[in-house]
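Residue numbering begins at 1 within each chain, and the chains themselves are lettered A, B, C and D in the order written.
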Amino acid sequence: MLFFILVISLFPLAVGPEPKTLQLIGPGVIWVAAILSSLLGLERLFRDDFQDGSLEQLMLSNTSLPAAALVKVLAHWLTSILPLIILSPLLALFLHLNEPMYWALLKTLLLGTPLLSLIGAIAVGLTVGLNRGGVLLALLLLPVFIPLLIFATSAVESASMQLQYSAQLAIIGAMFLLSLALAPFAIAYALRVSQT
Amino acid sequence: MHFDDISSFFDMGGYGLYVWLSFGAASLSLLVLWLDSFLSKRTLLTQVLSEQARQARIKVAAEQSAAAEKSAAAEKSATAEQRTHGEEI
Amino acid sequence: MAVISVINLSVVKTDRLLFEHLNFAVEQGGLLYVKGQNGAGKTSLLRVLAGLVNADSGKVYFSQQNIKDCRDDYHQHLVYFGHKLGINLTLSAVENLQYWCKQHQVVISVDRIFNTLAQLNLVGLEDIPVANLSAGQQRRVALARFWFKQNAKLWILDEPFTALDNQGIELISKQITQFLIGGGAVVITSHQALRLDYPTDELTLEYRI
Amino acid sequence: MWKWLHPYAKPEHTYYLCQRLLPWFSLLGLAVILFASVWGLAFAPTDYQQSEAYRIIYVHVPSAVLSKSLYSAMAIAAFVGLVWQVKTSFMAMMALAPIGATVTFVSLVTGAAWGKPMWGTWWEWDARLTSQLILLFLFLGVISLYKAFEDKQQAGKAAGVMAMVGVINLPIIHYSVQWWNTLHQGATIMKLGKPSMPPEMLWPLLLSILGWALVSAAIFLLRMQNEILQREIRRPWVVALANKSSTLSEGT
């Protein structure tokens, strides 16, 4: 969370405090920072449970692994992404976003960030048994997150021009639902693969 | 032939650099990929042999140590026998 | 009836063949002691038996059913104790055990948990974070599971005696014997000789290169 | 239905099948690619708009087309491996990945070299180039995930999952990048006018696509053999093979 605020406050310092410029890059900056800070939290999603063997015991119980994975993902979203969303008005202020832009940003964040946790957890499940998962995780996930980034920032941009942006929101929502349906099983499979 | 002479062929109507760069990069990349595949096949085949040799060494070592154990045990029993003989005498 | 049986099992790990064409069965009340050098594949065998890892070829049956087809039923009747304890260090012993019991759908009162921990010589350590306990004490917390899962038919135990003192070993051995007498089946590995007063089958895995 | 495929799922048979096919694909591929390139470079007519620079099409388009088909092929191999648990399928996947990455890289380089004379910059955030770049990242992700694992069986499954995630995402990426591109700079994109391409230009293009496909197939066969050798390094048939090849090379 602190990382998120720090990254965002670096930008005005780097490109200058001109409100117009900041407004132009604002949505992109917030989204990129959100993706990066979600990566930081993701890395530890299954690590402790994997290392102390809780994950093994979970797999050998009657609890459904996809359901457990979904709960884990929800926990990640609640602890490392929801605070960012709560903080977002402040950051919007920092970056001189106007009101319609902020509402669009909030909607894309609410719809889009669960996608980060869901897809991210698949890659985390795959790399949990590896020693140096961090860089690999970024390489695996960032290309996959590009469409989300594009649709989300374009929604905010449309909002800034007083245009409709329900199309972008609908696409993000569709991606979210698709991943909600598929990702828990992929995560469960990934965690089983990581057991040797 | 579309071009009048060799130099105009290489010049490509002023775009020679870009055209030849593309073709060069493409053929170089494919060549490198092929070479890598080819050479790694050769190294793999030699690796198989060295792996085989390594296993043979381990086997010999295991047999030797087993034989040494056996002979040590035999020696022990032999000395024990001698001792009992000595006592008899 | 065989509780667990294995047909033509081979396991490959990191491109190394650990064993192949392995066949055995453990009956009700049967104790199988898996022996072998370090790296012979004891742990891998146990993990395959538990269904954590897939075998390269061959099948594992739990009461005549392939464990892949009856995963839930199998895990309902299984206690697996591995190298990793499955204990979260930030939680207390009681919390850990409650969590485990919930996962495994074992209904148990907090009093029973306290009682069992007392039996294991952990009085006064029940509700502090497990991170503050010694290695042996942490193991005892994990081993308390042996007292809880009443409907278990099979225990798969990977080095349960490591880091335990004599008194602990005796306690666990007694619990294992009791389980066996009650008709349970046990597959166990151990570097210490088993101090169980019970007929034992042995399976020795050769170390392969 | 799948019975006839079964013998080829056995690595040894696959190896010898590759061995048998390899010379055909190599020679044919080399011949076709050389023929098509010479035709395209020296004999095809000039484009009235782009003059001779358009000849880059004879490497750019085949590599771009192949990069996507190779990714799909890789994902299909991953899918087969994950669903039917065929080990050879994962080997095929990993044999395809480096070829795909190379071909994608070529399409990027040639795209840049084409962009310089046409658009005036080496790199233009054009929809096709951008999605090629992302495709390259996806390839590299799969390859490095595979390399990160010690246990190659586990590695195959993990890389397979990632390849599947990528292939679900690929159309979304393609579409999103196009959307983004039209939003930002709709006017600068230059149309190639493919349908109006005269046959003297089209034929060498189709031939060069075929040539690239054949050469990729040949390299795939070679890499497939490598994957098999690596995974079966201790099997007797591999040892016999290595002995034979070493005596052969000593003899010559």
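Simple rule for what comes next: contacts are C-beta pairs under 8 Å (C-beta built on N, C-alpha and C of every residue); 3 or more make two chains touch, one makes a residue touch a chain.
Everything numeric here is computed off the predicted structure, so don't read it as measured data.
*Asks:* Identify the chain pair joined by the greatest number of C-beta pairs in contact.
*Replies:* Per-pair contact counts point to B-D as the maximum.
*Asks:* Going by the average position of its CA atoms, which chain sits the greatest distance from chain C?
*Replies:* Centroid comparison gives D as the farthest chain from chain C.
*Asks:* How many Å are there between the centre of chain B and the centre of chain D, using C-alpha atoms for each centre?
*Replies:* Inter-chain centre distance comes to 27 Å.
*Asks:* Centroid of chain A to centroid of chain B, CA atoms only: how many Å?
*Replies:* Spacing between the chain centres: roughly 44 Å.
*Asks:* From the C-alpha centre of chain A to that of chain D, how far is it in Å?
*Replies:* 31
*Asks:* Taking the mean of the C-alpha atoms as each chain's centre, how many Å separate chain C from chain D?
*Replies:* Result: the chain centres lie 48 Å from each other.
*Asks:* Where in chain C do residues touch two or more of the other chains?
*Replies:* 13
*Asks:* Identify all positions of chain D at which a residue touches two or more other chains, and write them in rising order.
*Replies:* Counting only residues that touch two or more other chains, chain D contributes 151, 233-234.
*Asks:* Mind pulling the chain A residues that touch 2 or more other chains?
*Replies:* Chain A, residues with two or more chain partners: 196.
*Asks:* Considering only the defined contacts, which chain C positions touch chain A in the complex?
*Replies:* It is residues 13, 44, 47, 50-53, 72, 75-76, 78, 80, 82-89, 100, 103-105 of chain C that touch chain A.
*Asks:* In the complex of these two chains, what residues of chain D are touching chain A?
*Replies:* These residues of chain D touch chain A: 82, 134, 137-138, 140-141, 144-145, 148-149, 151, 154, 157-158, 161-162, 164-166, 168-169, 172-173, 175-177, 179-180, 183.
*Asks:* With touch defined as at the start, can you tell me which chain D residues reach chain C in the complex?
*Replies:* It is residues 150-153, 231, 233-234 of chain D that touch chain C.
*Asks:* Chain C touches which residues of chain A in the complex?
*Replies:* Listed in rising order, the residues of chain A that touch chain C are 48-49, 51-54, 56-63, 195-196.
*Asks:* State the interface residues of chain A toward chain D in the complex, per the touch definition above.
*Replies:* 119, 122-123, 126-127, 129-130, 132, 136, 139-140, 142-144, 146-147, 150-151, 154, 157, 175, 182, 186, 189-190, 193-194, 196
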